[in-house]
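Both complexes shown next keep subunit A, but they swap its partner, so subunit B is in the first and subunit C is in the second.
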Partner chain A sequence: MSNILFFFIFFSVQTIGSAVVILFTRNVMYAVTALLSSLLGVAALFVLAGADVLGVIQIIVYIGGVLVLTLFGVMYTYQSPKRYQESIPHKKSVFILIPLLFVLVLLVQALPLLPMIDDPYQHASKVEVTGMLWLTEYLPIFEWIGFLLLVVLIGAGWIGSTLVQEDKSKGEQV
Partner chain B sequence: MRIQMFCINFVRMLALSIGLALILSYAVFVIYAERKVSAFVQDRLGPMETGPYGLLQTVADLIKLLQKEDIVPYGAHLWLFKAAPIIIFTAVFTGFACMPLAPELIGAPINVGVFFLLSIVSIDVLGVFIAGWSSNNKFSILGALRGIAQIVSYELPLTLAVLSVVLLSGTLNLEYINFQQHAHVTLLSDTTYFPWGDWTMKDAKAIGGIFTWNIIRYPFLIVSMCIFFIASLAECNRAPFDIPEGESELVSGFHTEYSGFRFAILFLAEYAMMLLVSLLLVVLFLGGTNTPFPNIGAVALCDWTSGTLGHWSSNAWGFFWLVSKAFGIVFLQMMMRWTYPRLRVDQLMLLCWKVLLPISLVMVLCSAYWVYWLKQ
Partner chain C sequence: MKAIIFTSALGILAMISEIIGLKKIILPLLIVGLLLTIGVNIYTEWNYTQVYYGMMLADNYYVAFSTVLLSITVLWLLLSSESYLNEEYNRGDHYALILFSTVGGLLLVSFNNLATLFMGVEILSIPLYILAGSDKNNKYSIEASIKYFLLGSFATGIMLLGIALLYGATGTFDLGLIAQYNAKNMDNTLYYGGTLLLTLSFAFKVSAVPFHFWAPDVYTGAPTFITAFMSAFVKVAAFAGFYHFIQQAYLSIPLPMENTIILLSGATILVGNIAAVYQTDMKRILAFSGIAQAGYLLLLLPIQGELGKSSLLVYLIAYGIANLPAFYVLYKVSRIGGSTNLESFEGLGKKQPILALVLTLSMISLAGLPPAAGFFGKFYLFTLSINNGYLWSVLIAVIGSLISIYYYFKVIIRMYTSTESTTGDSSLSPSLQVYVTLVVLLVSILILGLFPDILVSIGRLL
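Right, the complex of A and B next:
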């Protein structure tokens, strides 16, 4: 087994294993930590596939941004896992089946097809190509997404400010 | 081919072991230095009893820490509590991998080096959060809360300050950024030095020394450097931005419940982070492994203090200059800590969002115009 294949299997197991932990744990905190491990595994898989920029973006956006915000949410709403014990029939069997199916698909289909590289450092980086594409061909799409996000941001700010004002006026009435 | 691969791998492993040895020995000395600097700032003597001039004080402290009992507080989340120091130290130590320690000594010469470093800093935040949350302590959770809010906000001016350099150097690879400022590497030698006049980079590299540093070549970068320095202080949780662990309010913030070896690891990670951001500042702005002395006619100070490229002397000089400059920045960080009082939370946020962020955005625009001007 080549080194690169070993690492590929290692990070695949890490990604899928952490995802299984997220499904089964009842503690939100453990789920978030497992999500961290899963996302790191995905970033490593990107790097192994030769997409170093995408790997780093994965870390900076999903771990540095989304996951930290998720943690904030979890921290404010945390309750002991015992408080929401509930049972859904066949839950465990479904949650075992789905990851197993994923592993099966990965082993049968994706593994032989994946263009594996021998050494990530030996290949020319994709930074320049990606950068050029982003600023030429795909620029309009990114601009549109940026505009939509701006609209969402202003909307959220507006809703937030009206809620605060309502709270204030209620406080005055009392 | 095999021998070549072996050599490359050998250099990478060498960079790893030198990096680790550098961090460990640096931590011992820098903690002693911190005590002495604080003492001299406050007109005291500092540690004097253990060894000559108290030199063995840190060693004694380390032995004490390693002997202590490993305590996990009641009600703490065992696994998260134990994992947090490992996450924090691993994140900081990984950052050293893409840092050029000498012209030819680098752990991982990846093309997205700067970007990778900035992303690694964000994993460090998660460690801080997990440490604070899993301790089952009010002070810890408050410290973690403040820490995350601070680091997430200060990442923006930090990244923008780095971006202004990246725009000018046109690469994310720290090794290339270092080589661009090196007097003996012919990289960039046919580009013009300033947008005006007919001085080229080749003339500048013939003089060498401070004239090939980014901070002299692009003089407006001094503003970016100041922003980077301030934001990096906040990223390291150093005073005057040490509100996540402010002793007088929160005992010691997110690491209140840690003791013994785990506390030692957290402490080590904090000082390693200081060194990491100082090294990054030196590579981005202050010439990296390049000497500060220029050639003045027959007195070839630059050539004498740079060694021959490809020879061990060049690597030794490069390592010496890089580490000396970084230690200078670390000393500045210490002086800051013992000079300025701690900021309030609202002052901290005001400084970040209303002062540093607009200035760093303007600096990015300045860099873009400078590049446009150079290319005309």
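Right, the complex of A and C next:
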């Protein structure tokens, strides 16, 4: 098993396992934390595939932006934590197993246990190539994405504005 | 490219029309703008094939179908103007969203890159998710919006996965390069997986069985004119886009894809027509009729070449111009009767002979009977399919057409046989601009039904 394959399996298990946790947990905080872990796993998979720019964007946009927003949303609407309290079976072993796994990953990297067959870091950074492509061939796509976001904004604004009007008319009736 | 830029600009103009004080004249402005766009588009792009940035292919096919799509938008704006004069909805935002959706349709008939395809589908769909829920006091409208949004998102996800698999197999998003790959390698599981997923997501967009479950509920819940736009515009855009994809990405259609499409077609024709027989609500009848029509159109997709293209053009135009007036009459009847049930149509032939005539002619056209345009749409389609060896599918389609005559004529008979003697109701009369539009539509249904060569000769140039 090459080093790359080992890391691929590790991060795949992390991504899918966390996604399963999101599905089955009843505690919102656990779900958000598991989402964080799942998104980090995806970012790692991007880096393994040589798409370092995409990995960084994944971290900045999803983990830095979307997830922090979600987290604040959850915290503001969070009711008594006891309602969602759930017992984790074999609590101790789970909490020991997860850190152990991370230590294992560090060990694999530190000690030359596995042969490095295809090291992604030997390739040059993709930032320049990606940037060139984005500003030349894929420029229309970005304009259309901008257009799409405009549509979404109008929709959101439109839904909101109608609600305000309804509230006003209700106020007048009272 | 010019048509897309102009339409986007018109959409933005509609959006800010209330701020800059153009609210009163925005409708004529948009119609003149769209007609100019159609003119400029034909004048500059016809017989002048061009690829923009490698993302967009502007050939004659694009010009023809973008003209059809823009015309449907113009007709829709004219017919729907009454519902906005009654201040039922916020017109500036509605018009903006409709025009943005039109831009998505234009992208769908011109994409040369799978990324453009995805953007086109999204720009087409997202305004419609919003518009389906625009009747905010009606819980069915909200239901329609959420249902459409959720199922549409699933379909988009499937499409993205299909695109990813195609990229994995070929290493490119460019349709021309994919076609080159397809010519060399014919047996790649990843490639066929991607193709299958893309086919299924398109089948969802055109509401083919078994991906049709959203259509009746969304059509019933959404405001009537939004339903009209969905059933006329989206179906034309999705079919033209699907055909464009097959034509550009495959030199010859792969056998698994052909079989899938033929199978979907048979199921769609049978389920759509049989389910329509049991409906009592006119909106649901039209929804299932739309599903059945999608089944006939699916038969055309595997047939490439100029005959296939001209047949597609004839059928889609006939379908569009028959569907829009039917929904207009439906809107008028629901305004007075309060519902879209079949009972509301009783005695319409005496109360409003013009509306009844309009509905009769569009039903005849949808059923595919002569002298209406729909007859030649079906005639070319069936002839072409038999010539290409789909004898059994055509047999199913003919049986489906026979069933469809029952429910199309059920409405007509209701309108002209009524025991109650009612006098003319003036509140049902259409306004002048709608009246003119209806006359234009009726005349074009008849002209295209009597002289179908006009469209066929255009179709041969695509």
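Quick note on the criterion: the second predicted complex is superposed on the first by the 113 of 174 C-alpha atoms of A that agree within 3 Å, B and C clash if a C-alpha of one lies under 4 Å from a C-alpha of the other, contacts with A are read in each partner's own complex, and residues count from 1 in each chain.
Note that contacts are C-beta pairs under 8 Å (C-beta built on N, C-alpha and C of every residue); 3 or more make two chains touch, one makes a residue touch a chain.
Because the structure is a prediction, the values reported are computed rather than measured.
Looking at the shared chain after the overlay, A:V56 reaches subunit B, while subunit C stays out of its contact range. After overlaying the two complexes on the shared chain, residue contacts for A:L101 are found with neither subunit B nor subunit C. Residue contacts after overlaying the shared chain place A:I141 against subunit C, while subunit B stays out of touching range. Residue contacts after overlaying the shared chain place A:L71 against subunit B, while subunit C stays out of touching range.
Once chain A of one complex is fitted onto chain A of the other, the partner contacts of A:L36 are limited to subunit B, with no touch recorded for subunit C. Of the two partner chains placed by the overlay, neither subunit B nor subunit C lies in contact with A:L153.
Under the contact criterion defined above, no residue of subunit A touches both subunit B in one complex and subunit C in the other. Residue ranges of subunit A in contact with subunit B, taken from their complex: 29-30, 33, 36, 52-53, 56, 59-60, 63-65, 67-68, 71-72, 75, 121, 125, 127. The touching residues of subunit C, counted against subunit A in their complex, run 8, 12, 15, 52-56, 90, 93, 96-97, 100, 103, 107, 113, 115-116, 119, 122-123, 126-127, 129-130, 133-134, 136. Of all residues in subunit A, those touching subunit C in their complex are 137-141, 144-145, 147-148, 150-152, 154-155, 158-159, 161-163, 166.
Residues of subunit B touching subunit A in their complex: 77, 80, 83, 108-112, 115-116, 118-123, 125-126, 129-130, 133-134, 141, 145, 148, 152, 155, 172.
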